[in-house]
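Both of the next two complexes hold subunit A, though its partner changes from subunit B to subunit C.
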Partner chain A sequence: MLSILKGIWVILSHTFRRRVTVQYPDVQPIMPPRYRGRIVLTRDPSGAERCVACYLCSAVCPVECIALQAAEDEHGRRYPEFFRINFSRCIFCGFCEDACPTYAIQLTPDFEMGEYVRQNLVYEKEHLLISGPGKYPGYDFYRMAGVAIGGKDKGEAENEEPPVDVRSLMP
Partner chain B sequence: MSDVVLHLLTIVGVLAAALTIAAGLIWGERRLLALWQDRYGPNRVGPFGLLQVVADIIKIFTKEDWIPPFADRAVFVLAPGIVFAAGLMVFAILPVTPGIAVVRLNVGVLYFLAISSLGAYGVVLAGWSSSSKYSLLGGMRAAAQVLTYEVFMGLSLMGVVMIAGSFDLGRIVEAQKNLWFCVPQFFGLLVFFMAGLAEAHRSPFDLPESDSELVAGYHSEYSGMKFGMFFVGEYLSITVISALIATLFFGGWLGPVLPPVVWFMLKTFVFIGGFILMRATLPRPRYDQLMALGWKLLLPLTLLNLLITGAIVLAAR
Partner chain C sequence: MAVIYIDNRPYTVKDGQNLLQACLGLGFDVPYFCWHPALGSVGACRQCAVKQFKDEHDTRGKIVMSCMTPAADGVRISIDDPEVREFRASVIEWMMINHPHDCPVCDEGGECHLQDMTVMTGHVHREYNFPKRTFRNQNLGPLVNHEMNRCIHCYRCVRFYRQYAGGRDFDALAAHDHVYFGRSEDGVLENEFSGNLVEVCPTGVFTDKTLKRHYSRKWDLQTAPSICVHCGLGCNTIAGSRYGQLRRIRNRYNGEVNGYFLCDRGRYGYEFVTGDSRIEQPLARPERSAALERVARGEALQRAASFLRDRGRVIGIGSPRASLEANYALRRLVGPDRFYLGVSTEDYRMTAAALKILQAGPARSPSLKEVRMADAALVLGEDVTNTAPVLALALRQLVHPKADAAAKTFDLPSWSDAAIRELVQDEKESLFLATPAHTKLEDAACQTYHAAPDNLARLGFAVAHRIDPASPAVPDLAEEVDRLAEEIAAALVSAKRPLIVSGTGCCSEAMLQAAANVAWALCRRGNPALLSLVLPEANSIGLGLMGGGDLQSAFQALREERADTVVVLENDLYRRESAAAVDAALQLAKHVILIDHTRHAMAEKADLILPAATFAEESGTLVNSEGRAQRYYQVLLPKASVQPSWRWLGLLNEPASGTADEELFKLDGILADIAGELPQFRPILEIAPPSGFRMMGQKVPRQSPRSSGRTAIDAKENVSEPKPPEDPDSPLAFSMEGDEGLPPPALIPRFWAPGWNSDQAVNKFQAEIGGALRSGDPGKRLIEPQVGAQPDFFQTVPTVFEPHDGRLLLVPLYHIFGSEPLSALSRGIAELTSGRYVALHPADAAAQKIAEGDTVQLELDGISLELPVKIAASLPPGVAGLPSGLPGMEHVALPSWCTVTTILQTPPLAPPQNGEGVGGGVGAQS
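Let's turn to the complex of A and B:
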């Protein structure tokens, strides 16, 4: 009997509690920065595409929603000819982001992706590519890696020693 | 001539008020439950979500009104009407103010008890005519529950009747000029409130419906406006019982400063809130617990209350 009265009192006291509902369309929720939402392709600080079309994201994707075709430009830089993510299949697991060696593919906190037509959920490269560097502002894969491309030879990357002639005995 | 017009106006006014309050409770209950669960409830349609009622009514009117082929057609159609009509009929005796009452019966309390038992027929017939085992179980439960709780619902009011010396609701209110009956008849109030919960099939005594075991109990097979009638009928009986608690135990229209209508409405709304608070707080008991509570606790309590009240009234005479 006492517990019933106590229960009634507890419920009544909730009259003056703050309500926990976030009135979503009116009030936008603050998403944590690591929230795994819409996938984007980022660019390096110089404005070039980061993606080197290594297929790792496509290979690791558990639902096989990523499709791309590698190509190479006149400077020897690899890039995806097309890059397609089918968001109607995507489970937003973030494996692609983990697998990416160049920080090109990234998941963002945007979750408002509703569509009336299912086909519109297939995002092409022009939908995915953003103009900025995303979560890693200073990173530029080709300036770090020892790959020779047009305008940058071997040994000219950041923190890279000049190449050693392995056939020479001289130090 | 003007007397007839006045009477008709009263009837229309009380009917409109009753239906408005009952329909408004569709919104009110959801808002209050939400408040006590730290949510908002319906707040999108119109100011404070008030137009939710209109939206719900439009929805329920345009829904398919399906009668199962295995149902007993005539009774199936009649049952929600009985519940609804019984709920409305009790409003006739409520003395809203000294002047406003559809009819001033000198056996008002008896009339209420009679009509509210009539409402049980609607529920039982609905359960029976649906030809569905869940509905039937719900109907059976309703019958047993209403029978049980009616016994001391009536008895709990006899204390009030004894003190006031009348079955007339208006006279009962007038007898509370000096002291509301909630003080001398506290146990009567307690028992009447619980019996009222059971009578209106309200949570925690909503065993005839008990969604978790019987789908939706006696109205499992109902859809569209027929279901709506049960729905609004339930709110009607909540309103009636709240108004009766206000009338019988809390001095009806009596109160300082504000006009009598406002006092009556205010008290009624407080008890409607109480009904919803019970739903927000208490879980549903098992069926045997419900019966045990009725026969083993509430009935002896009522009889004891009756005995003591009788003795005091007799001694004071």
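Let's turn to the complex of A and C:
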């Protein structure tokens, strides 16, 4: 008997407390910028695709929901021929972002990914690639790498000497 | 046996090793770069440092290079000593000073020895912030990619390319910290083994250029143990696939066979599997004159059943490039007396002769390991570089008599590579070459002799007579040939492990007999001579052992109306007999069923084509020229209705009711049938475990535990991922699930061990470093010599070759790239394939005023060919050379006499054509 009264009292007391429930979707929650939501592929400062198709994100993914195929343009720049994430499997752990050596793959605060048809949760590159650099505005992997690509020859990366003249004997 | 102490614990190791080998063999992780089990030690990289102590009271010790220090009895070392650990970490730090920030875009990544060693030594942070040195790359042709920035200057590449493989067009160039590994200028690497640089180089300087077009990381490749199908040697390979497509071939270590290396034909010939000429659907024509059209699988089977209704009138034509299982299934379908081997009369005769010599004689057919350990060799008539490439590589490794002696006199261990080379200098090993024309092995030989096939055989008979006068003498022998015979005989007699190499390349039975006489003469003297006979195709010996008639007898059966339906198995008959003969025979057949994976001229004649699996899509058995039966395993699932030939043939064998249950046709069943019916094949059951074999109750996974994308690969079509496909034929699974323990040697799908992602992980699979795999190298020999037998010597010595008036003897010349039809369909190889030509001796050409590049007409019994001329000074006068089997060349039975007439002279000012390297592969492009 006493416990029942106690219960009623607790419930009544909540009537006068401050509400924590947000009236979503009428009210949009504010997510912290590092929230791990929808995954995007970003571009480097020059606007080129950042992903170099190194396969590290797909290797690290614990649910194996990333598949891609590497390709190379005629000047030696690598890019993914296709890039697929099956979001019906993704657990938003962020390992792919951690593993990515180029800051290409990033998780964003967008969590509104619900679909009625599960098949629609399979995202291809055109659904993933955004037009900006995302959270890391400055980084351009090819400025650091030693490979030559269109517009960046050998010896033109950051902190590189011009290519050696192998026919020279000068010290 | 020696006892060494590692960090104060005693270990017993085999004598004659260095400390690095011994430590790796014991399972310790000592980082290294420049040492390679096949190349020996030079002490160049300083990575393998350990601390050595004088005795148990020595606490200071000194740092030594483990690869340069013998693992002698009582040696005390420490791998874990803090000072030596720091030393090793510094060495790698220095190597990394100029290393580019490339791993994500480096094809070596994920199987990079440099990555592994960096992690192993614990170097994680780069403190050097000065600018990095850079290099320009070279275009080294369609097979090998060059990215010189990644070099750590370990010198492995030059040591392999120049010293091990005998290449000349690649070197360490420039000086001090600019040393550059490449050619003097851009251009195709000339050596036939250049692809091994990809595996030998511990970094990403050299990578597989064909893989680059469809790149996949090692961890993502679905791999299975496979066998190379591009010549008779049967090198062991690891085939790797991704997204249902064959992506690359790597070496699979087999101590008895290929060891650490493959040839470029074997490594890069795989792209025919994904090529445009694949047959992927059953095709049929409603009537003879109609075009082929796609039919459904069921309908194809029904048609086949109707063609085969009258079994007594069906003949089967097998193939030396198809598996034992497929040939057997065909033999069972048509009956043993209606089964034909599908080889030309000459091939048939040569294979039979070779088999007889190996089975009845006392000389053993050596494994390639035994070839590498021989100390004198005579090559009779065979251009091994182009017909059995890895055999040529093995012949370059003959034990030098001086090195052998030095091991004893100076206590110089065999792994001390630089010291031994210093000692041997430019002296050649006891390798004697007798071939019709120049071959690329010649720079390694101490004597070479070019002559017409009959004269080569005469040399062989003369050598045999010198060794044992009971063997027939050679009349009218020229004096210098006699002297050469004497020299060869002396070298062979004084050798401990003499080797005779010959083969079917010259299509001369006398040559095989001469080789047999030499080997048998040695055996009679008590020298255990080895006799290696090169056979042309992947399963030539297997087919020979199975038995059956040649192609002409099949044609005869059609002519005599004993049969009217032909089932052709994986065979292009137009490469075996003249087009006229094949046309005439097939004209007589009411129905022609072709089972093959690749389109060729036969497709035009077939009424029904069933799509067969390639080596990558089926499991089966091949018998190599040594007589070793080896199993290869399916790597990927074939497209829609493609299936192994043996399964098609099993289905055809069912009564036409169409109730055939495919599950009945499993590899195990057919293997048991073969072994039951043909006792010569009984050992094939022991090559590898049966399909029911399990490790800890599980299959052996074809995918690595890191394999990625399982839930995304097929998601585009269907978001619910399918269950992994079953493999009823083998203990391997199409999945990453399974037991990760050490599988039996025949089932090793990849070389990987924790911390060892590169193929150097093979150390962990060997019982002894550089020796056999744990539990033995796979494969079972089906032919053994009659030890102690003294068969009669062959008595028919050919007469001296006389050039005929106005006619030339046409002999076949071989090209590593082009003479084998399947590899020639692969993109990289196709780029390097020589154009058609006829090679003439300068004197013969001058006699008819023919110049290099002229077009001539070649007339030989009933066939006339128009070909451009190459002048080859190494050919004997009166002999002309015709490249064998190049794409687009019609079949010509060789050797045969021909006449040559000029039909088009090149204008005198035309640019000179590439005149070098007849029968030489890369050098002979046109």
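By definition in this document, the second predicted complex is superposed on the first by the 143 of 171 C-alpha atoms of A that agree within 3 Å, B and C clash if a C-alpha of one lies under 4 Å from a C-alpha of the other, contacts with A are read in each partner's own complex, and residues count from 1 in each chain.
Note that in this section contacts are C-beta pairs under 8 Å (C-beta built on N, C-alpha and C of every residue); 3 or more make two chains touch, one makes a residue touch a chain.
Being a predicted model, the structure only gives us computed values, none of them experimental.
When the two complexes are overlaid on their common chain A, residue A:P101 makes contact with subunit C while staying clear of subunit B. In the superposition on chain A, contact of A:T21 is made with subunit B only, not with subunit C. Contacts of A:I30 after superposition: neither subunit B nor subunit C is touched.
Number of subunit A residues touched is higher for C, counting subunit B against subunit C. Residue contacts after overlaying the shared chain place A:V147 against subunit C, while subunit B stays out of touching range. Of the two partner chains, subunit C is the only one touched by A:P163; subunit B is not.
Residue contacts after overlaying the shared chain place A:I8 against subunit B, while subunit C stays out of touching range.
Under the contact criterion defined above, no residue of subunit A touches both subunit B in one complex and subunit C in the other. Across the complex, subunit A is touched by residues 34-40, 277-278, 280-282 of subunit B.
On the subunit A side of its complex with subunit C, the touching residues are 52-56, 58-59, 61, 63-72, 78, 84-86, 88-89, 101-102, 118-119, 121-122, 124, 141, 144-148, 154-155, 157, 159-164, 166-169, 171. Across the interface of their complex, subunit A is touched by residues 100-105, 109-110, 129-137, 147, 149-150, 173-176, 178, 180, 212, 214-217, 219-220, 243, 706-713, 715-716, 718-720 of subunit C.
Of all residues in subunit A, those touching subunit B in their complex are 4, 7-8, 10-12, 14-15, 17-21, 23.
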